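Two complexes are shown next, each including subunit A; its partner changes from subunit B in the first to subunit C in the second.
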Partner chain A sequence: MLTVTHSFEAERPRPAAVALGIERLRVEFPTVAGAPKVAVRDLDLSIRPGEILSLVGESGAGKTTLARSILNLPPSPGRVAAGSVRFGGVDLLQLAERELQRIRGRDLSMVVPNPRGELNPLLPVGDQIATIARVHLGKDKKTARAMALDMLRAVQIPDPERRMKAYPHELSGGMAQRVVIAMALVCSPKFIISDDATSGLDVTVQAQILDLLRRLAIERHSAMLFITRDVGITAHFCDRVAVIYDGEIMEIAPRESFFLAPRHPYTVMLLAAFSHNPRLRRGWTVSEAQRRTVDAAVGCAYADRCPRAQAVCRRVKPPLGELAPGHFARCHFPVERS
Partner chain B sequence: MSPVLQVEGLYKQFPIAGSHSVVQAINGVSFSIAPGQTLGLVGESGSGKTTVGRCIVGLIEASQGGIRFKGEDISVHRARRPRHLIGKIQLVFQEPAESLDPRMRIGRSIEEPLLALKAPAAERRERVAEAIEWVGLRRDMLDLYPAELSAGQQQRVGIARAMITRPELVVLDEPTSALDPTARAEIIELLMKIQAELGTAYLFISHDLSTVRFISHRVAVMYLGMIVEQGNAAEVFAKPRHPYSVGLLSSVLLPHPHLSLETSVSLKGEIPSPINLPKGCFLASRCPFAVDRCRAEMPPAEDLGGGHLVHCFRHREVARVDRAADTFEEFQREAERILGARDGAPVA
Partner chain C sequence: MTILPYIGRRLLFIAPQLLGIVLVSFFLVKSIPGDPAVLMLGPTATPEAIASLRSKLGLDHSLPVQFWIYLKDLAHGDLGTSWQTTRPVLEDLVQRFPATLELVTLGLLVAVLIGVPLGLASAFREKGIIARIADFYGLGAGALPDFWLALVLIFVFYTLLQWAPAPLGRIDLAVIPPPPVTGMLTIDSLLAADWDAFRSAAAHLVLPVLTLGLVNAGPILKMTQSTMEKMLQSDFSRYEVLCGIPHRLVVRHALRNALPSVVTIISVLYGFLIGGAVLVEIVFSWGGAGQYAVQGVLNSDLYPVLGFVLFSAIFSLFVYLMVDLIYLAIDPRIGH
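Moving on, here comes the complex of A and B:
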């Protein structure tokens, strides 16, 4: 139902075949014990211009840490220990804070859940959107207001002229989320990060917002990193899917191939959990009693929960191997597909 | 078998401070739950699902209408209900972390409902041990604090606390929406296991439709404080007959790129305000099937057979355009095919 076409690809010149390239990114959190906890482990990921890449994983897998580290804003007290984030010809992690501030919100923006927490409760939402256009694009007051109004129209807020003057508390959750999306898109960023931006919404509103995000991304030729816990959305929304577990990409594949022929045991277990089939799910789950701890620095991070794990999995970290065209899985014993 | 719970013509209004108007949160809700069965109550936020649950538990009092528990009238606040009903109806909350006292060891939290029943200490200890076993937690966890548990484990504590009084009805208000997919699947399977063993009836309130489809025997769809359609879960999901149910179900996204529940029925516009409810059917302003009659009078419940009730004058027209296909079952078959691969099983 939701297919993405890239007919516009040929029409405009592309400076690079990669919209955003993450290389060997490592984010660590200090611990009392001494050795830091690795939240994102030497992660490589590149997203093509115009592409929507969905990143799925459970809480604590490092999704939000990754998203915020792209903007060089790792959640405190975490720090980026190594790696690079190439964007528009520069490494974002090497830029000075002043330069970064110019890029964030203009070329690279993020939509987060809990829209009310993002909005200033004391300012009308129209002003909040217009401010972004004034600060980042140097527009005058009148033009910025016109841009804000256009954005409210684009996100399909009914009666946008009146809503320009509305305060955040006067809006429903779905409306507030649309305003936050309007703020993220007003500068037509080349890259959008959506961190679980639709999770708090009702299904009918969620469908509208997703449709909107995708359409705006296509119209404005933006690439998107779409972070979610819900593989139901993922199956209909993106171009490629990546699964993150314990700070590592476990599987990454084109959408169809990912859902119709998943290869990594963790992916299969996740999909089974969504299929409401207890027998299948148990088949891919190791009981707590059988779990053996692994050292994720040495072996496969999933080995302790994997029904296929063997001695080698705890000793040698599997590479992210290409098993089918564009379909990669980090596993010594991936599920066979004919 | 006579129902464990009967709700008849329930209304609830909330006054708005500083004004004479009221929020009409529930507008004539009727349903019943059979012993050992699950009724799934679905609807968008603001539809009144939680308010119905709170009236049944007795945290708030309905403005009008009857609630009967095994024939006994309980349509009053819990403090005024007969003493012998203490612990018979329990509640499990949405946010496990927030519904547990952070400074109380979990063993104490689980035990607390028994204090209201004045159970002796030895019996309490025994039943805590039993409850914790039902929910699959280890005994050594009883001395932990909630913060030391994962969200899934915290919700297990919430369930143990509800189950320890051996209730006959448990109201589960979005018990899994704060959880990760694997924890959610575990909790759902656990609830079904407990129901099979103890014969507890559930009112399962959720906006997660595929979970509701899986756990419920019957399902009721709420819109603006009304149940617009109810019936056997598989039937309502496969053959929804109210335009709102059709629209709601079509927005579910199944994790399969080729299976969608898309339909030709699309609902336009905004949900009317529960302060000024329109005359006639509440959906009329958004419904592609609406005719003049829908705007003039409220459609009564019509039984399509087997207890499948729908409040719509135009349900025959809906039936004509909507395909009768159980996409959920098709999805289950696909999941079996794709995820059932067990080649090269691990060497034990």
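Moving on, here comes the complex of A and C:
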């Protein structure tokens, strides 16, 4: 590769190379026994401006904890024990609550699943969208309502004028999900976190919502952390894919490389689980969740379930090594291309 | 809106509901041991005199027949006669029920004014000083009997400080009560523009109202606090926080969701206090409806008891209708 220096002809300021940078983030949940349970373990992750990064993992892998910890609101009773979240030149974890409040929902917003539970049942949805515009952008009532209406149009809700006055219980799940997206995007945030946003919807609606979310993110030049349990979704959706297991990134790679040449055994298993190829499925079945014998602080968290695990995996934690350009995997015995 | 047919439908149901209440309370009261005829005539009465009084009172009929007669009288607006006051029950109650209503309504108002703001404030800052005061207060208010608190208040504000008037009724004996319109002395004296009467009536209200308010603020405070906490921990409040909505606004939105529970506890207390304020009435010689009914029970004076039950049933049904209308206004999900 050729490196060229054009320090003199930089016409426009170079955008910050990182939209959101998570460094050595550690989130712990206190336990009765004493030693806290680590939900997110010294996790590093950076997302470039305009990039859509997909984060895949099974239930309990720490996806939601990670998402909420980015906004410094880990699910109770968890707490951020260490690390930093760089966003717009500041560390979000060091900010005072008041300053965080100004960033949440305006520059950095979140789309959540189960939208009907996340919307206030007693307020018309139009008001709920408009409230965010009023709070964050200082718009007056009328302008905010106009913005809310525009937003309902943008998320393609039919008959938006009438829906402005609708209450959450009058909307279908898909429609409510669109409202939540409208709430998250009304301030055109620089960064969107989508936490399993389509999990409760049927497949056709899911595809529409994903399309919409992707299009809106690209239109608004927003970067996005797209969290899902469904590895299949990510294939059509993102620029890069990261796999999280037990609070750690196991593999992270550009989309093509991830699907064509997965390196981590866990990734292969995840892909096999969604695959229709019987040979692949037979070869990589998910082993029963056994009792935890590996100390994740010392060895590989996945060693208990890994068909390739050797003695060393239990003793030495593998580093997240770069196996191909931009393709990292945390494994002593990465899968070679077959 | 569909609100008028709804009210109409509800009112339609009130008649059978009242009939059921009258039926149950009639047979319950009748099952209290004690023969009114014996009590009325005293220990020296002859059996013949008792028998003749029994037949005069209609006590020699079977229970269902007695009930039928009572119902027929009710239909003509006759609630029977109290043998203690020797006056028609309706007259007695028309005089006494407003006294209780005035006391209870103002007491509850004070309870709401104490309980709701304290509950809100403690939910607003869960670990703040107000939250701790509220916890302590909730505990204390639940443990204090109202008559005891009334006696303490009388001791402090009447006996020691002499700020309050003597706990003997609703108005000074020297003051001429205003002509009855609503039966509530404060309102009637205002209507008559009689300031002396108003001052006296209001002064007499202060201690009993304070007693009821301080005691009943406890449950209202607890309900406000716990419902608010639940609402602030619910998904929609958390999402509002995630969206960067200021705490003050999050609390305000949660309050609206908590309101139905608070309204419910207030309405339950309201209905309950009509009879439940009787100890406070006794301590302050209030001459209210609760006192009247209790004397009726103790002396086998059947009709005042039944009349009281009927009055408070009508009142409760009215309160619950109001509550349902409030729900309707708060929660769009109930509309249909």
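Keep in mind that, in the parts below, the second predicted complex is superposed on the first by the 305 of 338 C-alpha atoms of A that agree within 3 Å, B and C clash if a C-alpha of one lies under 4 Å from a C-alpha of the other, contacts with A are read in each partner's own complex, and residues count from 1 in each chain.
We adopt the following convention: contacts are C-beta pairs under 8 Å (C-beta built on N, C-alpha and C of every residue); 3 or more make two chains touch, one makes a residue touch a chain.
Note that the coordinates shown come from a computational prediction; the quantities given were computed from them, not determined experimentally.
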Mind checking the superposed model to see whether subunit B and subunit C fit together on subunit A or clash?
-> fit
Now for A:N72: first (subunit B), second (subunit C), both, or neither, which partner does it touch?
-> neither
Once the structures are superposed on A, label A:L123 by its partner contacts, choosing first (subunit B), second (subunit C), both or neither.
-> second
Winner on subunit A touched-residue count between subunit B and subunit C: chain B
Determine how wide the angle is at the CA centre of subunit A between the CA centres of subunit C and subunit B, giving a multiple of 10 degrees.
-> 80
Which partner does A:M183 reach: the first (subunit B), the second (subunit C), both, or neither?
-> second
For A:S46, select first, second, both or neither according to whether it touches subunit B, subunit C, the two together, or no partner.
-> neither
A:S109 contacts which: subunit B (first), subunit C (second), both, neither?
-> second
With the two complexes superposed on chain A, say which partner A:I132 touches: subunit B (first), subunit C (second), both, or neither.
-> second
Now for A:Q206: first (subunit B), second (subunit C), both, or neither, which partner does it touch?
-> first
Which of the two partners, first being subunit B and second being subunit C, lies in contact with A:S84: first, second, both, or neither?
-> neither
After the two structures are laid over each other on chain A, how near do the C-alpha atoms of subunit B and subunit C get, in Å?
-> 9
Once bound in the complex, which stretches of subunit A touch subunit B?
-> 1, 58-59, 158, 173, 202-207, 229-237, 255-256, 259-262, 268-278, 280-281, 283-285, 307-310, 333, 335-337
Sort out for me which residues of subunit B touch subunit A in the complex.
-> 44-45, 151, 180-182, 184-185, 188-189, 207, 209-211, 213-214, 247-248, 251-257, 260, 262, 267, 270, 331-332, 335-336, 338-347
Name, in rising order, each residue of subunit C that touches subunit A in their complex.
-> 233-236, 238-247, 249, 253, 256-257, 330-333
Hey, which residues of subunit A end up touching subunit C in the complex?
-> 68, 71, 73, 76, 100-106, 109-110, 112, 114, 117-123, 131-132, 135-136, 167, 169, 180, 183-184
